[in-house]
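I've put the structures underneath this note.
Both complexes shown next keep chain A, but they swap its partner, so chain B is in the first and chain C is in the second.
Here is the complex of A and B:
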């Protein structure tokens, strides 16, 4: 609290606002330092030790935790599941999000209300989303089976989560339902920044709708699209709630984060879980590098 | 705008599809929450419930619950407790995050101090690392500080997770304001703090609103953080309580849907009434 008594005059004399600036940023620095950066350091530190509440001492074990991760079949299958979620989610969210954004952009006064409806799934608690879909997917009374039976697509009720691939896809659908609005909103903002004159000029030159989209729209929303795709990737990478609520800890649909949670809080292998979370973090950082670089570019722009 | 009939039909079809995809699952949950248990498990399919009932909401909010004709223990004590917990932790996290971001964002945008841009870069970079990476050491830390299952502990974890986005948002809001105003105030002899409170903050209102809405929605929807840090009803929020209705030995689908529908109300109100701020926050926060 010594900084609090720093006289304002001295801050002015020191040629700037260094004192006041530090004072205002200090709570944030302290909070983030103690609750994010310090635990981050601890994660690295503990991941090369054996930290296990059931066993005495925390000896240094080097990379043993990391090495045993690679031969752990649970880790392998949860990594596989995570990759499936990421690929399916990014492809569908991008295609669907761009389509939704184009549609929204062409609307007049109705846009505001349609946009509110589109945003809604994103704004709801993911747990509630998952429960809504859990009931839809219910093998005995779910509306999915009901509709497909009524349409004659299937002749008897399916237990969707008995099959790994249908389980993975149905969980991906719930995640996509929640995250597609993000892509739509980001791309819509990109579309709105395109000057209308470009389209008029192209129309005069006789360019069709498809070539206008390919030559003008797509290149000019490239930046927004890159951000949206990075977001989709990171968010799908961190999928937890949907898979957990819809199918619990089942190995068929378990994600890397569920695996981290299981290792640490169910099996109480703290350091093993931390080694895994370090790997997940680096993988997530690698895919979101574009995101960070863009943020930095923006920071140094002025 | 002149559009050909085919185009306008395509557009109408597209909008219908988009609305159905976004709203149908929610409407189905509302429909199920108003359907009698016997109709919920009927094999005949119908869009509207054959008979409307409020019994699931009664079970949730009443003093006694009934399930399959049997009077069971009321879930209202747990439900109301979890509702309060959700409201308290989300509101506290929102207030603290917005105040910290409003002050800190200004410092990072306009005041010069050593290491400013490096610190800001580091804080924003945490957006790209999964919050769960730090959860295990954070949990052990909270255990040793006796902050697990306390409002303070949960709120602090929320703030540390949601602050970077709010800070980024507020900083870009401040940078978008004309600096001439602040210079004029400085010439008039107003100090930095006075300028911030009397001139800058009122203009940053929409930005503050966006930051508050984003933070509240994320806090309201949190699942994994309270799953770890809120083991008992002392702080357990709705998002952790509601799935427990599912994993009981019987599954009361009507109750589950009714609880979900009630948990939807706060986000629904925000989206309907404060949509404008939400959109601006979403696009700014995603690196405009």
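Here is the complex of A and C:
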């Protein structure tokens, strides 16, 4: 009797909980559904059709757009540039973000003021950031040339964007300058959740600073790092403003998102651009997934 | 008696009412406000728009954006089925795209046939029999030089061939002009159009009648033109920083007295270059017929026009605005204020006769040599092709591609653009 009634009661309670949970989650479900998932489904649907305002009809073309992307030299070149941006941005943002967070964490009362100053580049609109850096890099009157000449590093003004690698690096620097603060803030939140007793115990056991960082700090901020690296990766994949403002649509610094824009909004090949944007999304999600799985595994191990 | 008094009162009322009705029919769109989206050189001064408002009762909300941004705004707005404005810029290079998409109100039959005839370049804006915009800026390319700098360098005759142009640039550099030639080399439309002009200067064309590329072999004009540009950068005749500058930005080199030659000069810019409030070299700038390798000067037209989006809210008022701008008197005023060379033949003749066009004699000699870039009409794939052109030239000027590689890349872009 008990055995029969217990599951029924549990099911009733679970059903109530589930209903309440669903009700509370409904706003976010509706919001995400209408603003994220529905557009995503529509984008995928259009990417397997020919959507081009210059041509009549929208016939089904299957995976033709996707297959064409793999042999498109512009896509290959912009994919290469994007990978460079992602690698440079994620590595420097993560390393710099952790270093900045450790520094901020060690500050006392000054922390809130320093934090406000550090967060400023992130708070500025990306276009404003890029225009400021455009002036800094200007070959005629830019600060960068001025400083390097004053230091005797260069003898005459240099056109930084005439070299592909320096152009890629300088664009990545602008992106990093804007995004590093948010990585620092996320990691700082992780650092502040670590109990101080662990460090004290480690000190008593004779652990040095490096050992404490490697054995306590790093494992315990794994979750925060995964979040920070995920957002760094996704935002580096979506890099647009910096490359566009600093070097326009130039092929040597063009990103995948600029290529999407050019295909869809300049050439009017919408479905082609949509197919590319779907691929970019999956690529950034796939890379981010690695961090999330890795972060989850470390959290579980704890 | 009462009836007579009533009739009298009625007739008095009518005597006031009839002129009012006349006034309304003269200003049928009075009270409407139209939005007008144009680049800086199309943004009329307030005095002119006020005069239009006084004449028609239509108010103008003038919106100014960069040329490239206007293209992007029109595309995104039209795809979202929103009108970008009641009247917008329509560049010659967008005609194929906009015409194929059916985004603009056909103006044939709406704009007077006499006006269409007076504005000869209107045929460039006709696609599939539809006139989608009326040109307001008679832009074509011409060589513009700072004569004082030429004199200082001891150059007595102005260049007529590409070899002479090269030698003059070398002499100017020796005389102290660091980078004598102003030429845009960024990945923007102005870079592409400069190469098209130089291809004509070297005696060739981009495509044949079947739209097959004619620039791929080393002996072709397009190849020679790109080779000339790259060599000029390497020889220090063009500022290497031009790889990051648009056509508008490199024009500042000439107006600022840093360069002596605007190689792909805008005909209308002579007014700006000779305006002391906008130029440091006013009074020293003049036009020269575009040099050529064949002895026969050639140029091509890049007119800009006014069109009405198919989903505009105030189409009739917008049409009244276009009609007003097509009047010779309006175009003369716009030329004086902005340097937009009139598209109206009557306005152009009037200005020329009055000696109000700097280097007017040269411009009038160049005009008969002005050709459309595409005799068949601008194809819908032009923007995609042109973006590929500017990107390849940009990379060649930076030394990242050889001339042969850049030409091969441009040919591949042409093929890709046509096949998509």
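Rule of thumb we're sticking to: the second predicted complex is superposed on the first by the 251 of 302 C-alpha atoms of A that agree within 3 Å, B and C clash if a C-alpha of one lies under 4 Å from a C-alpha of the other, contacts with A are read in each partner's own complex, and residues count from 1 in each chain.
Everything below uses one rule, namely that a contact is a pair of C-beta atoms (placed from the backbone, for glycine too) under 8 Å apart; a residue touches a chain by one contact, two chains touch by 3 or more.
All values reported here derive from a predicted model rather than from experimental measurement.
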| item | value |
| --- | --- |
| Which of chain B and chain C A:240 touches, first, second, both or neither | first |
| Dominant toucher of chain A (residue count), chain B or chain C | B |
| Touched partner set for A:251, first chain B, second chain C, both or neither | second |
| First, second, both or neither for A:265, with chain B first and chain C second | both |
| Partner chain(s) touched by A:231 [first = chain B, second = chain C, both, neither] | first |
| First, second, both or neither for A:140, with chain B first and chain C second | both |
| Chain B versus chain C as contact partner of A:185, first or second or both or neither | first |
| Touched partner set for A:128, first chain B, second chain C, both or neither | first |
| Touched partner set for A:163, first chain B, second chain C, both or neither | second |
| Set intersection of chain A contacts, chain C complex versus chain B complex | 140, 265, 270 |
| Touching residues (chain side chain A, partner chain B) in the complex | 8, 16-22, 24-25, 27-29, 31-32, 35-40, 42-43, 46, 99-100, 103, 106-107, 110, 112, 114-121, 123-129, 131-136, 138, 140-141, 143, 146-147, 150, 177, 181-182, 185-186, 189, 227-228, 231, 234, 237-238, 240-241, 244-245, 257, 260-261, 264-265, 270, 273-274, 277-278, 280-281, 284-285, 288, 291-292, 294-296, 298-300, 302 |
| Residues of chain C that touch chain A when the two form their complex | 71-72, 75-76, 78-79, 97, 100-101, 103, 186-188, 240-241, 243-244, 380-381, 383-384, 387-388, 390-392, 394-395, 398-400, 409, 412, 416-417, 420 |
| List of chain B residues in touch with chain A within their complex | 11, 14-15, 18-19, 21-23, 25-26, 28-29, 32, 40-41, 45, 100, 103-104, 106-108, 110-114, 116-117, 119-130, 132-141, 156-157, 159-160, 163-164, 167-168, 172, 175, 191-193, 217, 220-224, 227-228, 238-240, 242-243, 246, 253, 256-257, 260, 263-264, 267-268, 270-272, 275, 278-279, 282-283, 286-288 |
| In the complex with chain C, residue positions of chain A that touch it | 53-55, 72-74, 139-140, 159, 161-164, 247-252, 254, 262, 265-270, 272 |
